[in-house]
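Quick notes on the structure that follows.
Note that the chains are named A, B, C and D in the order they appear, and that numbering of residues resets to 1 at the start of each chain.
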Amino acid sequence: MNTDPFAAHESNVRRYGRSFPTVFTKAIGATIWDESGKSYVDFLVGSGALNYGHNNPLIIDPAVEYLAGKNILLSLDMYTAAKRDFLELFVESILKPRGLSYKIQFPGPTGTNANEAALALARKYTGRSSVMAFTNAFHGMSLGSLAVSGSASTRELGGVARHDVIRVPYDSYPNQTFDSAGYIESVLGDPGSGVEKPAAIILETIQAEGGMNTASAAWLSEIQRICREHGVVLIVDDIQAGAGRTGDFFSFEFAKIEPDIVCLSKSLSGSGNPFSVVLIRPEIDVWKPGEHSGTFRGNNLAFVTSGAMCKLWSDGQFTAGVERTTARLQGHLDRLVEKFPKYIEQKRGRGLMAGLKCRSQAIVARVHDVAFENGLLIEASGPNRDVIKVLPPITITDDELDHAIEILDHAVQEQTNDD
Amino acid sequence: MNTDPFAAHESNVRRYGRSFPTVFTKAIGATIWDESGKSYVDFLVGSGALNYGHNNPLIIDPAVEYLAGKNILLSLDMYTAAKRDFLELFVESILKPRGLSYKIQFPGPTGTNANEAALALARKYTGRSSVMAFTNAFHGMSLGSLAVSGSASTRELGGVARHDVIRVPYDSYPNQTFDSAGYIESVLGDPGSGVEKPAAIILETIQAEGGMNTASAAWLSEIQRICREHGVVLIVDDIQAGAGRTGDFFSFEFAKIEPDIVCLSKSLSGSGNPFSVVLIRPEIDVWKPGEHSGTFRGNNLAFVTSGAMCKLWSDGQFTAGVERTTARLQGHLDRLVEKFPKYIEQKRGRGLMAGLKCRSQAIVARVHDVAFENGLLIEASGPNRDVIKVLPPITITDDELDHAIEILDHAVQEQTNDD
Amino acid sequence: MNTDPFAAHESNVRRYGRSFPTVFTKAIGATIWDESGKSYVDFLVGSGALNYGHNNPLIIDPAVEYLAGKNILLSLDMYTAAKRDFLELFVESILKPRGLSYKIQFPGPTGTNANEAALALARKYTGRSSVMAFTNAFHGMSLGSLAVSGSASTRELGGVARHDVIRVPYDSYPNQTFDSAGYIESVLGDPGSGVEKPAAIILETIQAEGGMNTASAAWLSEIQRICREHGVVLIVDDIQAGAGRTGDFFSFEFAKIEPDIVCLSKSLSGSGNPFSVVLIRPEIDVWKPGEHSGTFRGNNLAFVTSGAMCKLWSDGQFTAGVERTTARLQGHLDRLVEKFPKYIEQKRGRGLMAGLKCRSQAIVARVHDVAFENGLLIEASGPNRDVIKVLPPITITDDELDHAIEILDHAVQEQTNDD
Amino acid sequence: MNTDPFAAHESNVRRYGRSFPTVFTKAIGATIWDESGKSYVDFLVGSGALNYGHNNPLIIDPAVEYLAGKNILLSLDMYTAAKRDFLELFVESILKPRGLSYKIQFPGPTGTNANEAALALARKYTGRSSVMAFTNAFHGMSLGSLAVSGSASTRELGGVARHDVIRVPYDSYPNQTFDSAGYIESVLGDPGSGVEKPAAIILETIQAEGGMNTASAAWLSEIQRICREHGVVLIVDDIQAGAGRTGDFFSFEFAKIEPDIVCLSKSLSGSGNPFSVVLIRPEIDVWKPGEHSGTFRGNNLAFVTSGAMCKLWSDGQFTAGVERTTARLQGHLDRLVEKFPKYIEQKRGRGLMAGLKCRSQAIVARVHDVAFENGLLIEASGPNRDVIKVLPPITITDDELDHAIEILDHAVQEQTNDD
C-alpha cells in the first residue's frame, strides 16, 4: 500500500495515519477494510462521530437520493425544505419525548464551533467574561475552546495565555474525599474568594479525552443547583458523550438535569458529515439576527442524514438493541478487569462510552499495537495516555462485539507473555 | 410555503432566512429554486462557498458514486485512498503549475478552524504571541479569529477582550495618502514604538466582509518584504478570495507573492461540503504529530469533490471560460457605475470578486429587496452595509449573468423612481 | 474644627476622614490628638505602618538632624552615605542574626511597588507568566497587585480582567477539612489539570485585609516544599505582617521557612515615610542593571529612620518588651472573647497582629463608633467587614494598652445595651 | 570611598550608582557633593523630582520645624491640619490662578501609583477597558503603567502581555508628514476599524524617557477635541513635565487645554519626598469612598513641603526668575547645537525640560563620562539612548548654569579630540 503521498505532502501534524499505518477504503457498520482487503473492528468510530456505524443504510440511503437529486446542498442559514424536515424530526423524536424545550442554533459544523458559540452566548447573556471549567476538560482546538480545556499540551497550543477561565476540580478530583461542588459553592458565595462570578460553567458528563472520568448524577445535580442559584449558565458539552454514545441520546439524561445550553456534534449527522447544533433554553436565546454567522451552517446533506438518525430513536427495537448491547459490553469489560488485575486498574466511563484504565502508558501502547495487528482499532486517552477508550458503534452486532473483545483480551494477554 | 418551524424551533440568530423569506429546494449552477418553483440567480453562492455553481455535475457525480459505494466517509486523519487521491490532485493541478511547494494540513472543516490553526502554528514557530491584523479584516467567529477581525459588532461577540492583536491600517486606510506599509515598517523597527514584534501578519487580499477593499500588488509585495525582514510569518486568509473566486485559483497570484501560510476553505470542496486546508511552507511545518487534532479532518466525500474541482484547473477550456466571464462581469459593472452615479459610488473588488459601493445603506437595502422579488440573490457587506457583494459562480453562463445584471440594473433603477 | 476644605477639594474617594470626622495634629507613641486637644489610642497605626509608634524619638531624632543638615534627600539609586549605612544596619541587625542572606532591591516606596517588582522578577526568572495567589489575599492597588488580590470590590477596580492569576484556596479555606496544600500539589503535578506551572506563589502569612486569617507553620512549610519541588518562586508579601508586626521582625520566622523573595514596606521606615524593599535570594537576582527603575528609590530620610529602626532589634530590652506586650494583648483578647460570646466569634491573627471576628458587620460598625467617641481608633477588615483589626504599636505602654482595651470592652458592652 | 556594601548587598538592578561611581552626601540647590568633597552640578535633579533644587530652604525649613514638633507624620487619608493647609494652598496658588477646577486625589506617593489610579478611574467612569497610548510613551513600572509604556525593554518587564492597550503614533511619529490626530479620529469613527473606543487617551506633553519628543499645541488641542467628541477621558501624565519643569506649573498651559485628569508627582513635594496627586474634573470623580485606598496617602511632611512649593508660584519674583533662566538655558543650547553639528543633531524639549539629540549613543556615553569627571551629572534618554536630558533645577543660579554648560561644552569638545 502506497503511503508515500502522505509523508510527501501532508503536514507533520498527522497522527492516526502513523498509529494505523495502512490505507482504508470501505466501511460498513463496525467494520472497516484497508486496501489489501484486511478488516478491522472499529472501536474509535471517528472519535465518537460514528455512533451509528459506518454507512448505516438507514442514514446513507436517503443521502444518496438527496445528493443525486440536484437538491440544494449548501444554503447558509436560508430556509430549505431539508432543514425544515430536520428541525421537525429533531423536536419530535428527540426533544419532546424527553420533555425538553430548546431553541436550535446551527453554529458551524464542528464541535469547537458549537462550544465557542455557546460560550459567546453565555457571556452575552450574563454580561460577564469568565467561564468556569474543569480539570482534565477537553472542549476543542479553537482559541475559545482551548482556553477551557485542561491538558497542558493543548493549552500551550494557542500560543496565548488562557484568559477568563477559572479552573476548578471535576467530580472526585483529585480524590474521592474532596467535595468539588462544595468548593465551587464556597468560592462563588465569598466576596473575598478572588473568584469572580462566571458567565458559565462548562462541563462534559464524561471526560473522554481527560481519561474517561465520569461525573455522578448527584454531582451534576448539585452543579446545576449552584448554577441556578448564582445565575450562571450551565453548558453541557455533549459533543462526544451525546448523540447516543452512552446509550441514551443525551449523556445527562440519567442525572435528570436540564442544562441551559447543550452542544452536540460528532455523531449528530449520523454519517460522519460535519454538523453541530447548540441547544438553548428559550429565555437565553438572546442572539440578535445574524450576530453569529458563518458559511457551513446550512449543510443540507447533514440535515437529511441527521433527520434519519433522529428517527431511529423513535424505534423501540433500536433502543432496546442499544440497551442490550450496553449490558453485553459492560459484562465483557467487567470480565477483563477481573481477569487482568496486573494490567487493568479499573473500568471507566458509563454505558457504551467505556474505558479501561491500565497501569501504565506502555501497557496501552502494547495493547494498541497487538490489537491493530489482529484487526481491532482502539485509541488511548487521559493526561498520561493510560486509558483505553472503548467506543464501539452503538449498533454493533453481538458477533462483532464478541470478536473485538476477543482481540482485546488477546492483546492484553500478550502483555502478560512479554512480561 | 411553511416557514413556521423555523420561527418555532430555530434560534433567533438566523439571518438569511429573514432576508430571503422563502423555502429553497433545488439548485443547479447559478440558479436555485424555491418550493413554489420560482427561480433565483444566486450572487451569494454560499458567501463564496459555491464558486463552481450548485450541483456541478463534474463535482457531484463522483460524490454520488462514492457515497453509494460503502466507501469510508469519516476517517479522522487516518490514511484513506480518497485522501491520497486528493493530495495528489491538489499538488499536481494546483500547487505545481504555480511553482508552489506547501505542506498540507487538514485543520477541521471550516475557515475559522483553518485560521486558528495557522495562527497557532505561527505563534509556535516564532515563540511570539501577538499577531498583526488589519482594519476592516474578517477572519471568522471562533475566539482566535474574532480577535483578529475588525468589525465592532464582531469583536463584542466573544465577550472577552481581544488580546495579542496589533491593529494596523490596511492598504489605503483611512485614505490614499497614508503609507500603511511604511507605518508598519516604522513601528516594527523602533524599540520604543510600543508595538512588539508579532508572530504573524494575517491578511485578506480582498476584504470581502470589510467592504470589498482590495490590496494592491505593490502593497502585498511590500508587506511580504517586511515580514521576511523581521522574521514575521505572512498568513494569507484566502478563504473567501481563494479557490478560484478572483478568477485565479489563489487570490494573491497577481501580486507574485508566496505567503508562508495560506488558509483555504469555502469553495475548496467544490460542493459546499465543509472542508478546509492550511498550506504551510515546509520549514514552518513544525507541528508535532497529533499536536493539532480534531474529528472532522477526514471528510472523504469532500476529498472526492475537491479532487474533482482541482482537475478543472488543469482544463484550459475551463480557465478560458473563467477569464471570459470575468471580463463580461467587469464590463457590466462599469456600465452600472457609469449609469447610476447618484446611487453607486464606485466599483470595488477584483475579477469575479466584485462589489458596488453605494451611497448609502438604504440604497443597498432597497436594491436587495427589489432584486429578490425579481429573482436575484445579493447581500451587503462593509462596516456600514453599503456595498453590494457581486459573487456569481465563476462558472455562470453568459445568459444567467446577463439576466442577473438586468435584474440588478432594474433594482437600482427602482431606487431612482422612489426618489 | 474646619473639615470643609476636604469636602470641597478632595476626591470623593477619601475614606478614613469620614469614619473619624475630626482633624488630627500631634501624635506620640500610641496616642494621637485632634485639633480640639482630644486624645485617641491608635489601633490602626497607619494600617500597620507605624509599628514603632508615632514620632518614636529613637527614630525621629536622627531624621531631624539629617534633614536640618543639608544632607542629600532624594538620590534615585545613586550611592549615598545614608543608603550605605542603612544597608549595613539592615544586614547586621536583621538578616544576619536570622541566618538570612538576601540581595536588597529598592523598588519604589510603596508596598504595591514592591509586590509588582517581585512578581516581575519571578516572571523574568522562570520565564512563566502566571502567578498563583490565594482566596482573600490583598497585595495592593496597582494593576499587577490588584490582579493577585482576592476581594471582589478590589478586583473590579482595575477595570480590566485579571490575567495570569491562578486562584487557589488559602490554608483552611473554605473549611478545616480541605487540604489546600494537597490540592495545589495535585494540580501542579497533573498535566491534565488545566493549571499551568506558575512563576510564583505569592502569599501573606496573615491575611490582614482578608479578615486576619492565619497560615499555620505546617502549611507554610508545605507550600515552600511544593515551590521548591516545582521550581516555583515563593514570594512572601510581608508588607503588613512584617517589620515587627507579629512580634518577630519577619512574620514567617515562626514557620522556619526561607522565602525566595520577601516584600517589606509600611513600618519599614519606622516613621511612616514611604519606603520599601524587596529581598531576593541571590541566585534569583537576575535583574539587569537599571531594568527596574524609578524616581523615589533613594529616599535618604527613610534610610536614616529605617536604620534607626533596625538597631532596635539588636536591643534585648526592646525585644523582651515586645514579647511581654504580645502576651498582655493576647490575654486581653482572650478575656474579651470569653466575655462576649454573643458578639465575638473568635480571636484571629497571631502575636501583635490580632483581630476579633465578630458575629456581624453591624456589631463591628457599632464598636468602631463607640470606641472613637471614647478615644480609640480601630478599623474593620475581612470580606464581610466583620473583623476588628487590633494593631497597637508594638511599643505601646502597658497603660496605653490597658486603657485601649478598656474602651474596646466598653464599646462591645454598649452593643449589649443596645440589644 | 567605600562602595563595597552596595555591591555586596544591593540587587544587581542598581543603575545610577554604576554610572556615577562615588558616594554622595550633601546637596544644596543645583549642587551636590560626594564624600571626598568634590562638587557636581546636577542636571538630573532626581529625574525631574527636584525642580526646586536640593534642600531649598523655603521648602525644607518648614519641614524641619514640622518634624521636630511631634506633629502627625503618617495619617492614611484621615483629616489633618497639614493636609488641610496643603489643599488650600494648592487650590489658591496653583489651580485658581489658572482657572482650573479639579478634585484632588492622593493615590499613593509615586507617579506610577497616580497613573494607575487615573487609568482605573477612567475605566470605571466610561465602563470601557481599553486605553489609547502613544509610541515612545513612558508612564511607570507597575503593571498598569507598564502596559501603556512604549519601550520594548520596559514592556517585556511585566512578564505578561500588555492587554487593553491601543498603541497609536505620537505627534509627528514616525515623521512629520503623518497626520497622527487624523488617524486616531479615523479609527475611532469607523465601526470596522478594529479599534474599540478606549476609556482614555493618556499622554505626556513631552516624552522625556522617549527621547524628549514634544507635542505641539495644535496637536494637543486636536486630541482634546477628539476625546470630547468620542467621550474619551483625556489623561495628561504630567509627572515629569509638570510641577514647574517646563517653566509653567503645568506642562500643558501653553496649549490652552484642560485635561480631564492630570497626574502629578516627582517635584510635587518640592523636597524629593514621595508624593503625588491625581487631579480630576469634578464630574469624573465617581470614586466611591474608600474604593481606591492605600497606606502612604497621608504623608504630612510632604503636605508641608508641597504647600511651601505652591506658595513660590504666587511670588512674581520667583516666576520671573524661572522665565529668565529658561531663556538663558535655551540660548546656551542653541549655541551648542550650532557649534557641534557633527555630534548634536538637534535641540529637543521645551522650556527648562530640554534635550540634545546626538548623532549616536556612543557620543552621549562619552559626554556623560567626561562631564561626570568634570563635575556635571547628566543622563541619556530615548529608545536608542542618544538624547542628553538637560534638566537643571528651575531655580538654578546663572553662575551654576553657565558653569554647567561650560562643562557640557567641554565634554562634547572632548568627543572631537577623540575622533
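Descriptive notes on the structure:
The rule is short, and it goes like this: a contact is a pair of C-beta atoms (placed from the backbone, for glycine too) under 8 Å apart; a residue touches a chain by one contact, two chains touch by 3 or more.
Quick caveat: nothing in here was measured; it's all calculated off a predicted structure.
Ranking A-C and A-B by contacting C-beta pairs places A-B first.
Seen from the Cα centre of subunit C, the chain whose own Cα centre is farthest off is B.
Each chain gets one centre point, the mean of its Cα atoms, and the points for subunit A and subunit C are 50 Å apart. Mean C-alpha position of subunit A lies 30 Å from that of subunit B.
Shared interface positions of subunit D, defined as residues touching 2 or more other chains, are 129, 153, 160-161, 163-164.
Across the complex, subunit C meets subunit D through its residues 2-3, 5-6, 8-18, 20-28, 32, 35, 44, 46-50, 54-55, 60, 63-64, 67-81, 83-84, 87-88, 90-91, 103-106, 108-113, 116-117, 119-120, 122-124, 128-129, 140-145, 147, 153, 157-161, 163-164, 199, 265-266, 271-274, 278, 280, 285-296, 298-299, 301. Those residues of subunit A that touch subunit C in the shared complex are 129-130, 133-137, 149-153, 155, 161-167, 169, 173-175, 178-179, 182-183, 186-187, 190-196, 210-211, 382-384.
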